[in-house]
Structures are given as structure tokens and as C-alpha cells.
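Next up: some structures, all given as C-alpha cells.
Consider the two complexes below, in which subunit A is the common component and subunit B and subunit C are the respective partners.
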Partner chain A sequence: MSTTIPRRDRPKQAAKAVKAVKPGTPATSQTASGRHSQRWLAWIFLAPTILGMGLFTLVPIAASVVLAFFRWDIISAPTFVGFDNFAEVVQDPTVRVSFLNTIAFVIVAVALQLGLALALAVMVQEKMPAWLRTFFRSAFFFPLILSAASVSIFMRYLFNEQFGVVNWFLSLAGIPAVPWLTTPGGSAAVVILVYVWQNFGFSFLLFIGGLASIPMETYEAASLDGATGWRKHVYVTLPLLSPTTLLASVMAIISALQVFDQPYVLTRGGPGDSTRTAVMVIFESAFQRLEFGEASAIGVILTLIIMAITAAQFRLSKRFVFYQ
Partner chain B sequence: MTGATTGRLRELSRRTALGALGAGIVGATVASWPRLSGSDIPGRGDNSLSIAIMGTSADAAARQRAIDAFTRLHPDIRVKVQAIQAVDWKDFFTKILTMVAAGTPPDVVYVATEGAQLFADKLAHPLDEYLRRDAADMAEFFDDVHPSLVEAFMYKGSLFQLPMDWNAANMYYNTTAFGQAGLERPADDWTNVDFRNNLAAMRKARPSDFTPYYWTNRLFGGVVPWLYANDTSFLKETRSAGGDWLWDSFYANDPSRNLRSGGYQWLEPNADDPRVFETFDYLRGLVKDGLGVRPEEGGGSSLVGLFASNRIGTTPAGGYWVQGLHEAGMKENDYDVAFFPKWRSQRHQFGTAGYAIMKTAKDKDAAWEWIKFSASREAMELIFPNPVTTPARRSMVNEALYAGKGPAHWKVFYDTLDKYPTTGPIPAPPQQAAVETALMKNVSLAVSGDERQLKQALESMQRDLELALRRQS
Partner chain C sequence: MTTTTERVSTRTPAVPARSRRRPNWNLVLRIVLLMIAAVLTLGPVMWTLSTSLRSPSESFKLPPSFFPWNPDFTSYAQVFRQLDIVLLVLNSALVTGLIAVGQMVTAAMAGYAFANLKFRGRGALFSIVLATMMVPVQVTIVPVFMLIRGMGLSDTLLALILPAIPTAFGTFLMRQYFLGLPTDLAEAASIDGASPWRTFRSVYAPLAVPGMAIVGILAFNFHWNEFFRPLIMTISEQNFTLPLGLVSLQGNLGTGSISVVLAGVVLSMIPALVGFIFGQRALQDGLTAGSGK
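On to the complex of A and B.
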């Protein structure tokens, strides 16, 4: 007979446990001065992080917002131009295309990343023996710790139309050489492929953690109710995994919206503007055209888009995410 | 002592220890703060002359013998060379601009044609006063250097750099591939039609795992040499007035004296010129017929290896390739070099590089002494002991430099200037980075599809160039 506390009763149990230890036992009793000194201690520990974040994150963000209203080429003194930078950015066809590319990239890459990570996580968690599970966890996570620039240089060789290994393998199957990096479709496919290959390991680990936290009893109950393997995943795994899916999707979308390394190294944004992304345009405006104000304006717009998408995700999560 | 007191003391001491640890972390951060400042940057915080070059620490070390020689001559000037790794010149300039933005600019920067006008326009100090002052010392240098290289560093009548090395887009060819196709060494005045016929013959002789013409999508050696050969360019080229002080001082008797000006200007786009269309259409034909590759943007890093492995028939490159091919195992007779094919003209493209003094340099006189020394034959021989580039001094491009490495017709390198005095630099206005992007992003599309796609790509290039030239102008 199972001694597990039914899940719905767990909060009550926890509340009882808190009440049980709360009344002033010697181990947890605290004087006002004790709490005061602990607060100071907390601030001391937090200080380096707060200082670091303030200096290297918040101040640059604020400076970037201010800079968006100036014309500045590093060399001359900045000139206040009001909203001119924003107006120019909105009218610039390259900027518009790069944002559309970025959004298309996010939709495809994030869908592939999450889909692949979830499928592999389920397979590894359910079908593999423990020792293989450990191996695959490391193997799938490994690309993430590599430098994106190095990986992209390496991939550039692999996908070379004339001498790349990928086309060589395809030729063994009688498939003619594919112009991977020199046609809009091919280059977009390679950028997405390389990005997903390198990043899905993080989502995979999140899903592995999420799957491990789903109680076996729920699956047992579903089996008793007659659910088969596929239906169990649809009606048990996916709903109970929804908080993890939310976290994974928020992080994947934020990361994909900032994609730079792979398209920059693999294709330099080409052919045409087919793989040019928002962050690439920020880099080109600032460090190649010396238009730091315009680059900051694009950065501000991108930040607002990221914030809006993240807020929308959390809002939607109230309807679609099932917290146990 | 009661148990309660003992517990309180133990608690207090733990807190004290934790507090001390926290304070220690803060203290360590504060104490290490100076290490994170710009004083770590070579040349900053002391009076050293800080020199930035593109390359690795090995490249910086290779200059040590020249630095030692300079220090013997000027013991009062300390020199620090900072090598900055970059994929290409555009990337290198980006890093220099980052240093400028950070308030830690170097005093002297080794700048190639790609960035010459950007530096001249915004960052560099002209050399005119120094050249006038030391004209007697510098006469020997200019006697040994072709005026086309010098003119590439003229900007609005002032000279901003002395050329140290340079490279033209010549045509390298694999002698084995030529032999297999029954081809002889091309004549000096071979045409674009001859070139295409040679590619077709090589393709016929080696139908697979071989590319008759490999080219890259870059400013140097990409589409530009073909445009020059067809007597056009993607930007309208004009010359500014001025500069007579220099030409009359150092090149008064040069046969090409009358061609010289106050510097090149690229003020308007020219991608809508019918000759530009014709040139791209020719390249599109090569791609379509499997004679040339569809060029990757900025590619080229793997080119030496591919050429050395006999999988490429021809490719445009300069004298900088010789050492790389030698190290990759090519014997001196395995390859050779020819002039770029003739079309409407046989104007060639080149790029050159030299030191620029930054406006912000602490000691410009010391910077000039370094430049003057670097331009001497002694320094150049120390800096360029191997054919990793073409030295700007004609006298150094000699049999000894290429002995045992090839190519057999190494004279082609400097003859590109001497026999063709109209040979010109890469089009690189102050907005070079944006201009290069506007060119590169449309090249692949232009040569990859049908005639309609080519037309659209050139229209797009014209628009992008207009926008690029308007910026920061």
C-alpha cells in the first residue's frame, strides 16, 4: 500500500509543518539585532553582484538608451538629434528585413529546438538505461559549451559547396552538390541547423529535469484509466511539463532574438540580406558605419520587442501552463 | 560557561567569519580594480609608442628584430607592438575603433587601402610636414617605390601613409592542371575570352572534384579585378586636386607623373553602368557553366589548402600567397602567376598597407621616426624576410626573395605596376565598411541566378551603395 501523500493535500501538510516549527524554539529564535546583522550580511554578499550588474549591465543599458537620441561616430562630439535615429531606423529597408529575418528565425529555430529537445529528452529518459542516459545528457549539452564562432568556422568548411564533407556524403547517395552558403534558402537552413544543433542541449536538460519531476503515480493512474503510450504523453507528460516548457521557450526565444555569431561567421548576413539579423545590423551600424546612435536605437527597439514577447508569454502562460 | 552562551558565541563567531569573508571579497574586488583598467593595454600608462598591427602575437614577435634595430637608433623612444587578430581588415578596423571608443587608441596603426580613407578622414595625422622636412632622407625611398602605391595613400592632397607592402590581384594557376588540359602559360595580354576557354579545357580534362576558377566574395580579388579589366567599377572613380608638392618633390621625372593627383575619390555609386552588368553577366556565365564557383561571402581562409591540393585551376591572389603555398607543400614549378586577363583595358587592382599616425598620438615626432625607419630598406628586410607579401620597395622584389619557392614568373608582381601604371587601388572611400557590405551582399545573388535576378541584384546594389555613401559623408 502506498504511503504517498496525495498531491492536492501536500500544501496543507507543508503549512502544518511550518506552523509546527514556527513558535520560538531556540534554534530559530531571532532577536531584532540578529535580523539586522543578517540583513547587512546579505547585502555584503550581494554587493559584488549588484556592483557588477550596475556597472556592466544597467549603466550601459541606460547609456545606450540615452545614446539613441544622439548622433555619435566615436570621434566627434555627440549631437542631440531627438527621434531622428528611430525615424531613420524605421525607414531603413535593411533594418526592416533584418527584423523580419530575426522573427522568422525565432519561429523556426525555437520550434525545432524545443521539439527536438523534448523528443530526445523523452526518448533518453524513458528508453535508455541509466549509464546511456548520463552519456547522452553530456553529449547533447556539449555543443553549448563550444564557442559559437569556432563552431561556425568549422561548419563553414563542412557546408562548402565544392569541397565540403556534407556535399560529399550527399554525392554518395547520388544527390548533386547543394549550394548551402551561397543561396538564400541554403544559407538560412544552415544558420538554423547550426544554431539549433548548438543550443538544443540546454532545452534538453531542462526537459530532462522536468520529466524526472513528474510522479510515476500519475502515469500509473493514466495506465489504469486505459491510456496508451502516445496518449500518456499528450495528456500527462505535456501538461505536467508545461512549466518547464514555458521556461525553456522564454529562454530560447530571448536567445534566438539575439542571434549573431552563426550568421555573422557563416554567411555575413548574405546572400543579399537573407540571413541578416537584428543584432548583426546593430553591430554593422555601430562598428562598421560608426553610427552609434542609430545602433542604440535599433538596440532599444529590439529590447522592447524582447520584453513584449516575454510579457506576452507569461500572460499566455496563465491559460496554458499547468502548475501541480 | 553555560551552554546557551557557548551557542551564542559560536553563532557570533560564525557570523563574524562570514562577514569577514564578504568584506574580504569586496576588498579583493576593490584591490584588484586597477588590473581591470586600461593601463594594461600596451603603451598606456607609460611613454611607449603604441603600435597596432593586424596579426597574431607571432606577427608582433616577428617585428622584434626591427624594434631592436629601431631602439639602437633611437634609444629614447620605447616601442610596443600590439598584434590584433582579425578575420579581415574590416574586422581589424572595427577593433581599432573599439579601442578609440574605449579611450585607449594606439599611437600608430598599420592600415591597408581598405581603411586608408577612413583613417585619413577621421583618425590620422597627415605626414606632409615631416616629408617636407626630411625630403632629402626620403628621396631614396620614393625612388624605389612605384607612385601608384603612394597615390593610394593620398587624400585630398595630403599623404597619410607610406606604403610598406602591397599586393595586386594577379592570376595564380596550377601548372599540373594546365598541363593536363594541354594548356600553355597564358600570354601577358590574354583576354577574358582566352581565360574562359582555358577554364573550359580544364573542366573537360578534370570533370569532378576540381574547380577551374575559384574566387571569393571580397573587395580584394573578388569581382573588382574583373570590373577594372572591363574599364569600369561599382563606384565612380574621380581624383581630387592637390598633391603636387609631393609629386614634384619625389616623382618629377617619373613617366607617369601626369597621371598623379591629390588622391582617389569615390563619391557616387556606379552599379547601374552597363559595363558592370556585362562584367557580372560574364561571371554569372562561368558559374552557370560550372567553370567558376558561386563565391561565398568573405571566404578565402581555406583557399591556400585547396589550391595546394591541386583541386583549383586558377584563382586571383597576390604575392602574399607564395610563402603559404610553399609551406603547404607546393614546389616552385607546381604553380605560376600571370597578369589578370585583359578585357576593355588591362587595368589591375591592388591593395597596399602602411603605418598611419593617429591624431591622438602622444608623440607624433616619435611616431614619424618609427615610420621613417620602417620605410628603410634595413627595416623592410627585417620585417619581410619571406614572401608573405610584396614589399613596396621594387628592389626587394628580387630572385632571392622567391628562390626555391616560386613562382617562376615572380616578376609579374611588380610589373603589374611598372607595365600598367593606371593600375589602381581597391575602391575604399571613408565609408568603406558600409560600401563593402553593400557590394558583397549582392554579389552572390547577382552571379547565381538568371538575367532577371542579376538585374535585380545590381539595382539593389546601386540603392545600397547610395545609402552607404550618404552615411557619414
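On to the complex of A and C.
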């Protein structure tokens, strides 16, 4: 039990596939006609994906950017309005609050999600019976397979003020009923908790993978130098894990910026605008108020934010991430 | 590149051998903390399951129940009466199944082209495909909605299926998968005079099935649970998918029928549970496969 199990004992093909790095090009046939027929086959094979992506992703991206400069309610003809949509969006208090909500949500939810996932991953990866490790990994992974809508449905009952299970447990500890879903602070807390509950397992899996790739010898060397317990994690685990941490935070931030299902089902953005998010505003201005140009402008702004954060994180990584 | 493969290696930190008698407090503390986390993770699901098995009139009674000691199936009977759950399941299964099959086929073809076939512009094209992964669905939803309208497909199941078939992530996974297969197979086939198509058809396609299964399971899990696109693309209730139907059921019923709504939630979880039990490794590998870049 105490030696490292050879990696090959998990014979999953996917794992093998992911390992391959160099773009291999098997010599199918090196003759001119062989290369010619390869090219033909390649384009036939690519056609569905390329055409589909062009139609349903690339053209819509371009259309979204163009539409952001028009006023259009689908019924009458679109009129060019220049930067009016952007100006309106920036001044609109609801949109502003929603973006601020989204940013606050991302900061709190991602910090909780990564902190929890990292702590649990470190605890799971240290020595313990194999069956227990399997149990914990499955348990933390489980919420990922559920639908955010279903989760939000049952969480809404659990956080009910009068007969919710959460308040019942709190009352056992002598804490008076918390108005979870009827106050701005309470609903923001519920949206964050429900989101983190469902998504920490993804970061957890990433951290488990990162931890497993830290070579044992590093820990042995550290303990020879007298590092124990916490110090070992602070001086060995954290620096060596930084590439995984970067990746996990980029992915967590990008997905948190797009949060919709949980606040929509739990609170519909309320009370007031307290849990309204950027994507909810896109949804409402397009499909409830039929202001498609304005919705596109908000979408363009959100995409720019996502791209800027991604770029910033990779730039930062050059300075702070320690690659072996 | 290697993260997913090595996830599981058992690690034993170099702990000096201690006397056997003393309990390992570090281990005990860790297991207690992990147990608390596991209870908080699984507890809400257990409550959902056991509450759905209470009678509707008892469903909101406290103390809460976490184990269905005396299962009562009235709520399950009622959810079938209050919601056309058969239609919802059929819609969801049709949409998700066709998306999964479509993604498996197109991703396998495109992934094979990117991995094993030579053509000009391969690198650039692959970069474009990867870049589309970064664009959130909410940004393209307005033009896609109009496109669907223009095609005369608004408020149909095809409006959900067609745009979801081209998959950047699936293409990426299948490319990695084909790159991991040995190349001497193709060499042997070409020495035997097989055309590129023949090589794919008789050598690689049969080997691709496990990789395609991962793409299919991931697609099924994601789209079975999808809420945002169905909310926008479907208008009439006969085209609703399960998550949409359940959310509207919760809206229609008061809090008095918790167990009925929860019975619907539990029913909607069954495919995910089946996937969890039989395809957990594939799901985990697939979900984290993009992380090795």
C-alpha cells in the first residue's frame, strides 16, 4: 500500500489519449496521390464541424458585435445607433448593479470554491485507506452530475425561512430563523453557497490531478530537511501546485462569470436587483424586453471582460507560477 | 498533459515509523473533516430522496428525514398527474441522445482529421476550433435564436439539437485520443495498400469507440442538465425538457407539495445516477481532460 501504484493500473484510454503531446502524423502514404486523398478525406471529415461552428458560433459572434450597434426589436427594421447601446448599458442602474453583483459573486464564490477544493484535495491525497479515498472522491464529484436547475429547486426548500432544514439545524444551535431568500444579503449568500456546493468538485478533481503529479522525492527531500505538516504544504505543495491553481482559477472564474441557472431558479434576481447577474440581464433585455441590440452590447462587454481576465491571468502566471 | 492519468497514485508521505499503539491523530482529524464535507455534500441529496418518499401532507414536517424508512409513493403518482413527465422525459432523451450521437460522430471525424491527416492550414484551423471554447453560450444566443427563427425552427426540438452538435471540446478530446493510438497501425495499413479512408474505416474507427463513449457521456450529462438554452429556445410546453418542466412545476405548486416537486427532481436524476455509477471514471477523465493543455 505504501509504494506508489504504477500509473498504468488505470487502463482508461482517455488517460492515454491525453498523455500524447506531439502531433503525430502517421505515414499513411507518402506518395503524391496518397497525400491528395488524405487532403480530401480531411476536408470531408471536417466539414460538419467546421460548417456547424461557422454557422452556430463564428457567424453569431460577428453578428453579436454588429447587433450591439443597432436598435432592434425583431419586428421592425433595425436602426443603426452607434455607441448608444453601450452608453445606455453603462448608465442603466440595473445593468450596473448586475455587473457589480457578478464581480462580487465571482470573487467570493471562486475564493470559497478553490480554498475548499484545495484543502479537501490535500487531505484526500495523504495516506488513508483506498476505499475511503474512493468514497470521498465520488462524494465530492457527485453534485457535478446534477442539473443546476434541479439543485436550485431542492435548495430553495432547504433554505426556506419557516420550515427549511437549514434553519431547523440552526435552531438546534439556538440561532433564530435566518430570512435566507427574502433579504438581499441572505439571497446572495444562498446563491453563492448553492453554486459552490455544486462546483467545488470540479476544482477538487483538478487539484487531485495536480497533487498526484508532484514527485514523491520532493516530499522526501523536504522531510529530510526537517519540514513537517503545514510547512511541507506551504513550501512544497503550494509552489509545485501553482500551474494547477492557475488553471483551476481561470476555469472557475470563467464559469462563475456566466452564472445564471442558480440565481434564476433560486431568486429570479431578487429581492430587488440584489442577486441579478450579468447573464440574467442579457436574458431579460433580449427575451423579455426585446431589446436585442442592448442585450448584444451587454454580451460583448461580458466577453471582453472574460478575455481580459483570461489574458491577465496568463500574464500573471509568468511571474508567479512555478513550473518544474 | 499528464494530470488526469496520475490522479490516483497513492501517496505516502515520508512519515517516520511510529509505535503501533498510538492512534494516528492526523489521519483521524482528516477523516473527520472529510466526513463533514461529505455529509454536507450528500446530505441535501439524501434529504431530497427521502422527502420525495414521504406523503405530500407530511413532506414539510420537521425534523427532516434523511432516510426513507417508510417509503410512500403517492408523490410519484402525483407528479405523473400534475406534469406530463413522460413527454418531458421523451423530449429530454430525444434532444440529449441526438446531441450525444451527433457530437460523437462529428467529433470523431474532425478529431481524426486533426490528428492523423495532413492538410494545409491544419494548425490554424485547430486553433480557431479551440478558441471557440472560450466564447460563452450567452453571447451567441441572440444571433443563434434569430438564425433558428430564420430557418423556421423556432420552438422545435431541432432548435436545441442542431446548434449543440458541433463541439470544440469533443473535437479536442478525440484529437488527443487519436494521437494516443499507435501510428504503426496506419503504416501497416498503408503498406498493405489501404487508402486513407480504408485506414480510418477498418483500423481507427473501431479503436475510437472508447474515446467516442467519453464524448457521448459528457455530452449527455451536460445537455440533460441544460437549462439556459431550453428556457430561450422552447416556448410551448410540449417542447419543454425536464429541467424546464420541473422549474415550472415548482412555480405552479405552492410549498405544500414539496414532495411532488422533489419526486420529479429525483426522477430527473436517474440518468445522471446511472452515468455516475457506470461511467464515473470516464466522466472524471473527460471533464478534466482539457486541463492538461
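General remarks:
What we mean here is this: the second predicted complex is superposed on the first by the 271 of 324 C-alpha atoms of A that agree within 3 Å, B and C clash if a C-alpha of one lies under 4 Å from a C-alpha of the other, contacts with A are read in each partner's own complex, and residues count from 1 in each chain.
Everything that follows uses one rule, which is that a contact is a pair of C-beta atoms (placed from the backbone, for glycine too) under 8 Å apart; a residue touches a chain by one contact, two chains touch by 3 or more.
Quick caveat, the model's predicted, so the values are computed rather than measured.
Once the two complexes are overlaid on the shared chain, A:Ile306 sits against subunit C while remaining clear of subunit B.
Contacts of A:Thr57 after superposition on the shared chain: subunit C is touched, whereas subunit B is not. Shared-chain residue A:Phe163: touches subunit B and subunit C both. When the two complexes are overlaid on their common chain A, residue A:Glu291 makes contact with subunit B while staying clear of subunit C. Of the two partners subunit B and subunit C, it is C that touches the larger number of subunit A residues.
Contacts of A:Leu181 after superposition: subunit B is touched, whereas subunit C is not reached.
Once the two complexes are laid over each other on the shared chain, residue contacts for A:Asp73 go to subunit B alone; subunit C is not touched. By the document's definition of touching, of the two partners only subunit B reaches A:Gly269; subunit C does not. Of the two partner chains, both subunit B and subunit C are touched by A:Leu41. In the superposition on chain A, A:Thr218 makes contact with neither subunit B nor subunit C. In the superposition on chain A, the residues of subunit A contacting both subunit B and subunit C are 26, 37-38, 41, 44-45, 48, 51, 74, 153, 156-157, 160, 163, 287, 292. Residues 4, 7, 15, 18-19, 22-23, 25-26, 29, 90, 94, 97-98, 100-101, 122-123, 211, 214, 217, 293-299, 301-302, 306, 311, 431, 433-434, 437, 440-445, 448, 457, 460, 463-464, 467-468, 471-472 of subunit B are the ones that touch subunit A when the two sit in their complex.
Contact residues of subunit A toward subunit B in the complex are 26, 37-38, 40-41, 44-45, 47-48, 51, 73-75, 92-94, 153, 156-157, 160-163, 179, 181-184, 267-273, 276, 284, 287-292.
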